[in-house]
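The data blocks that follow each hold one structure.
The following pair of complexes shares a single chain, subunit A, combined with subunit B in the former and subunit C in the latter.
Showing the complex of A and B:
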């Protein structure tokens, strides 16, 4: 999965590899985060994929500033996904009802 | 099970890619580069979006290590941005100095 940029020169690249407990968790993280739209699509390309139980990302940007904003925002969102898995994954289904 | 996130940065001006690894230290979810402004904290402000502490689980440790990795990446890229900015500023100052000096020479020659 990738989100394409324009023809601007993408001079900086940052690759991130995040291992999970199993392939299912890596897939959930990938599918949860990859739909996030890229605000400046002509300045940044983000590629998402899973390799076994790892989530692997590649950020290619026109500057360090673009990469920094994107990666920090991505990790913030990823931590939320990891926290949700930690809280709820493997737990018995529970129906919340309004009284 | 130990889940350790890693990252690799590369750019045209770097001879070798820069690798990021959270290391063996204590990791927390309270990142140094993701807190609210120091000015606000000193003024008595409170971070109401402060992350919850990591649980003692593989995913809890992963979240803490991701925070460390995020800090490392943010610091590294911020330093590169500063270096680039100072290089540009220095070049501009050199250009201004050269123009002033050159103009001075021209004026002398015209006289």
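Showing the complex of A and C:
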């Protein structure tokens, strides 16, 4: 985690790159996770984009603590997205039996 | 003129299938419904293909917290979706849309479920439909009971409203000014440290059946609205006096017998339900109706149903409609049902428009699928 000199407010930043199997999955993850607004927009800014088959996030916050909480929250939601992909991707015509 | 509900039917099909995801409180529900083309009626009914639910149950004396509830939903959502699909024997290709609860409810649990809805909708290229939780209860109640235009009493852990339909809105006639009735009962259950399994309200109901003495509690109807936090504080105070360090003994004024925890449960139910009956009766008079539909988790309470029945029997052609716990208590099927009606009138949500909201009033929803 780096402390950016000069910018007083959102001084802590962190980048995260999450690899997916393909570009389509990265795009789906981006669209599933990015709509939800950040509650304290003046304390934290998160930007989402895809680079090839990776989902790339940039967290900018007023403190390490704010960023840590945001990342923990992001990972929780990411787990749901990845589990959905593991279980449902390419299975639109699949009949699930005995669950 | 009736609304055309079949503009969006898949070519070559005479029915629709929707999957609904509900997670606004401690129940995670996934349901799959099938609606035939044409207006729904007693001879053209929707069919429940599956209705799976998993409840996050906390230990006695503890309520469910948003963070833990969200974790529960995240852990189970994929498994419950698979179970619902397998019970319904349908594939993703059979579905017309995916419906989810957009509010009202607890923020974190709602959000944990909508993430799954968004991902699945994109993977299977299906439209998303955001559903108001209260409207889900109302539409499912109407479908199951066949009540066509009732006054709706919506009573649950998070909501207490008396609702009547007029001009494509479900309008709120009266509501709680502070806490919901289910919240009041749940919190009293916590004070008494009785189990949250299967539901705190159910356990209060069982204890109340053994109660004999009516303890004096405040009665707080304010016009068409009601207030319950004062009643809770009062009965909580009595319970703490009786079972706390003081060990104060309360006696019934008439018989001189000791007041028990069962008596407190009995008295709390009697006073709260009388208040509900009063405002419901007044709403019936306002809209000149003789049908009452009770929905929401507290609606499964038999004593409430009985008291409402006594009131409605005194009205000309009065009828009461209630559903059992499968449809009363939060479930995915009601979200699928209401969402599918919405979908059939062309209402879907783009991804950026699927953000859930804790506050989402019943009368904000444009009821496009009705025009009576």
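Simple rule for what comes next: the second predicted complex is superposed on the first by the 84 of 99 C-alpha atoms of A that agree within 3 Å, B and C clash if a C-alpha of one lies under 4 Å from a C-alpha of the other, contacts with A are read in each partner's own complex, and residues count from 1 in each chain.
Methods note: a residue touches a chain if its C-beta (ideal position, glycine included) is under 8 Å from a C-beta of that chain, and two chains touch if they have at least 3 such contacts.
Computed from a prediction, not measured in an experiment: that's the story for all the values here.
In the superposition on chain A, A:83 contacts both subunit B and subunit C. In the superposed pair of complexes, A:15 makes contact with subunit B only, with no contact to subunit C.
Judged by the touch definition given at the top, the superposed model places A:31 against subunit C, while subunit B stays out of reach.
Contacts of A:97 after superposition: subunit C is touched, whereas subunit B is not reached. By the touch criterion stated above, A:71 is placed in contact with subunit B alone, subunit C being left untouched. Across the two superposed structures, the residue set of subunit A contacted by subunit B and also by subunit C is 76, 79, 83, 85, 89. Residues of subunit C that touch subunit A in their complex: 70-71, 74, 77-79, 81-83, 85-86, 89-93, 111-112, 115-116, 118-120, 122-125, 351-355.
In the complex of the two chains, the subunit B residues touching subunit A come out as 1, 3-12, 29, 33-34, 51-52, 55, 57-60, 62-63, 66-67, 69-70, 73-74, 77-78, 80-81, 84. Within the complex formed with subunit B, the residues of subunit A that make contact are 11-21, 64-65, 67-68, 71-72, 75-76, 78-79, 82-83, 85-86, 89.
Residue ranges on subunit A touching subunit C, taken from their complex, read 28-29, 31-33, 35-37, 76-77, 79-81, 83-85, 87-89, 91-99.
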